[in-house]
Amino acid sequence: MQAPVNYYLVLAAILFAIGAFGVLLRRNVIVILMSVELMLNAVNVTFVALARKAQSVDGQVIVFFVMTVAAAEVAIGLAIILANFAQRRTVNADEIGLLRW
Amino acid sequence: MDVIISFCTALVALLICLQVTVLLLWIERKGSALIQDRVGANRANLFGGLLPFNLGIVNTMMADPLKLLTKEDIVPAAADRLLHWLAPWVAVFPLFLTFAVVPFGDVIVVGGREINLQAVALSGGILFVLAMVSLGVYGVIVGGWASNSRYAFLGSVRGSAQMISYEIAMGLALVSVVLTYGTLDLQEIARLQGRLMWGVVPAWGVFYQPIAFVLLFIAGIAESKRAPFDLPEAESELVAGFQTEYSGSKMSMFMMSDFIEVAIIAALTTTLFFGGWQVPFLYRDGFHFPGGLTVAIPSLIVTLLQIVSFLVKVFVFCWIQILIRWSLPRLRYDQLMAFGWKKLLPVGLANVAASAVLGLLLEGWTRT
Amino acid sequence: MDPDVILFWVVAVLSVASALTAVLHRNPVYCALALVMALFQVAVMFVALDAHLIALLQVIVYAGAIVVLFLFVIMLLSLEPDAPPRGRYGMRAASIMIAVVLGVEIGTAALISEPGAPFRVPFDFGSTRMVAQSLFTEHLLPFELTSVLLLVAMIGAVVMARRRA
Amino acid sequence: MNPYAALLINAALCGLVATILLFMSRILGRRRPSKVKYEIFETGNPPIGSLRGTRFPVKFYLTAILFIIFDIEIVFMYPWAVAYRELGWFGLAEMAAFMGILAVGLAYIWRVGALEWD
């Protein structure tokens, strides 16, 4: 692998920005969660790229934990969305507003 | 040169996959007839039946796919066109690819060049198989959703829930296999099974991991969505499940994906539990029987024997799956889920724990 | 041109395109499928960066599980495609601005950081055994905490889902 | 040869075959469009209403979520399984604790009845 690690770091930054853009722009909570996933993945790429640069496998191990957090986040996040949808019939972030019901 | 060799092995892997699938189609027809005591498909013939004899197997194998491929292709007006087209492709592609990592022979040396009879020698072979099988869900989900039909939708929701439920049992079975061999490489696993236990019994995985074998086989059958786990396409309830709105070659691709999954499960059980391409007592230079009897065999024949042994084993397991498919009634949905979550999952976890403890204990004993 | 650099550009174009689709498409199902595409590209990046185990696990976990859950929820709620966005131009402009600034900022930080000379990594870098050694010895505590996190997620999801069932 | 290059060749080949298969009916099959043919199949009845808007039991969703949790657990088990001989009893104890905590979760959801389908 000869493509400099920095290339991948920049690509990760772009993906992270796209994810952040989605979180800010979209009103559909499910799509917002997807954008968060994208951001987490961009971070994973950064970890792995830096792990390679530092020649330490730690960065790869952290990806495991990020994956776990992502899975837990999606599970709980979607559970909340579902419970909320049952109550209010909407997935629009503007209309959900309050976290209490 | 490397590229050409790689292309050839890839082609062989794909052809094995396609041929096994087509053969399965025939075996399914004739086998079901055998089981139900009837003659089975015997009408397909060339030139409108002018030939005095029936061409049998070739006929069915040719006629069935040809018929399906020349049907009209229908996309319902209410469907999501792009996804409707995408779904069969997504259903078939990862399954085709799975065969690339299954070794169908040992590494052979031709003209001073080592050729691995495994299209892709991936070090994480088992994980690759698991990943590709887990991608099979997409064909079902996308197909059912894109059709915009109630039957298709119900079938796809049922189907995907079933597939992911049994994937866990499958994953656990694979973990215990990895515990036994200590590697994720399928070729390595096949090679390790060439040893002998106590000098007599071939060290096949099934002797080390019988429970994992049963788990993997059951989970695999559920994964292939065939009876007794054929709820996603239960004819009597859901017409054809997620493939209701498909016709022609797209429908045949969904059908094919089921058959390929049958073949994959057979290939996987063969590789992990029944020695892969190994023939008992056959080594690179010929047979070495435990009594001291030795039969020398040229290496080309050895390779051929190994490939044939792999294919024979695969067909045996395909046949067992077809036997099961035509013998058992369909489960109810609650039974299906309860079986996956309340039986297979705890058994799988217990099996992993037990094999880990036993493995370490046995290793301690052999060391002292 | 070096095949690795070609690979990088292919992956870069594909991943950015699919990420944009995932973020911008109005139909949530398409978003989810584009997200799978983007996550695949990430898996390819992992392979290129010698993280072979992680790459396969990425496909199993993200494509095989997480996005399936997304699709499930979208299907279970039978969501219509979102209405085209109306008004809120300020908000939209602001989010584009923020995203661009963020990307440029992190991107330059990455670029001006010590130039990445191609390293020779050990032959088995990123191998399963190596990752396992690190994961189960050095990172023992986070690993055990992970199980607690998963337990909480499991219980939480069941409680939330059964609330209305 | 790099296995990933081989994988790429394989993927190209498989993708090509799958694509050819996909378009086979368009090429070989004849087309006789009619209105009824393009309707959704509902055993002969004209379809009523739209599918979009009907919802499904939350059970399916719960299955998917439990699947994710156990999938992650299995993902952690693979590296351990590969290296467990080197890790020895210590690694086994770690994994036992990990599995034990998740087994508690399994017991809980079992007790609560989240695994029941009626």
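First chain written, first letter: the chains are A, B, C and D, and each begins at residue 1.
The criterion applied here is as follows: contacts are C-beta pairs under 8 Å (C-beta built on N, C-alpha and C of every residue); 3 or more make two chains touch, one makes a residue touch a chain.
This one's a predicted model, so the numbers in the text were calculated from it and none came from an experiment.
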Chain nearest the overall C-alpha centroid of the shown protein atoms: D
Selected pair, greater C-beta contact count between A-D and B-C: B-C
Per Cα centroids, the chain farthest from subunit A: B
Distance between the centres, which are taken as Cα means, of subunit C and subunit B, whole angstrom: 30
Euclidean distance of C-alpha centroids - subunit A vs subunit D, Å: 21
Centroid spacing, where centroids are CA-atom means, of subunit C and subunit D in whole angstrom: 18
Residues of subunit C touching at least two other chains: 53, 57, 60-61, 64-66, 68-69, 72-73, 75-77, 79, 128, 131, 135, 146, 150, 153-154, 157, 161, 164
Multi-chain contact sites of subunit A, meaning residues that touch two or more partners: 64, 67-68, 71-72, 74-75, 78-79, 82, 86
Residues within subunit B bordering two or more other chains: 123, 127, 153, 157, 160, 164, 167, 184
Touch-based graph of the chains, sorted into line, ring, star, complete or other: other
All chain pairs that touch each other: A-C, A-D, B-C, B-D, C-D
Residues of subunit D that touch subunit A when the two form their complex: 58, 61, 65, 68-69, 71-72, 75-76
Of subunit C, residues touching subunit B in the complex: 29-30, 33, 36, 52-53, 56-57, 59-60, 63-65, 68, 71-72, 75-76, 127-128
Interface residues, subunit B side, partner subunit C - complex: 80, 83, 86, 123-124, 127-128, 130-131, 134-135, 137-138, 141-142, 145, 153, 156-157, 160, 164, 167, 184
Subunit D-touching residues of subunit C, taken from the complex the two chains share: 47, 53, 57, 60-61, 64-66, 68-69, 72-73, 75-80, 128-129, 131-133, 135-137, 140, 143-144, 146-148, 150-151, 153-155, 157-158, 161-162, 164-165
Interface residues, subunit D side, partner subunit C - complex: 4, 51-62, 64-69, 71-73, 75-76, 78-80, 82-83, 86-87, 91, 94-95, 97-99, 101-102, 104-105, 108-109, 112, 114
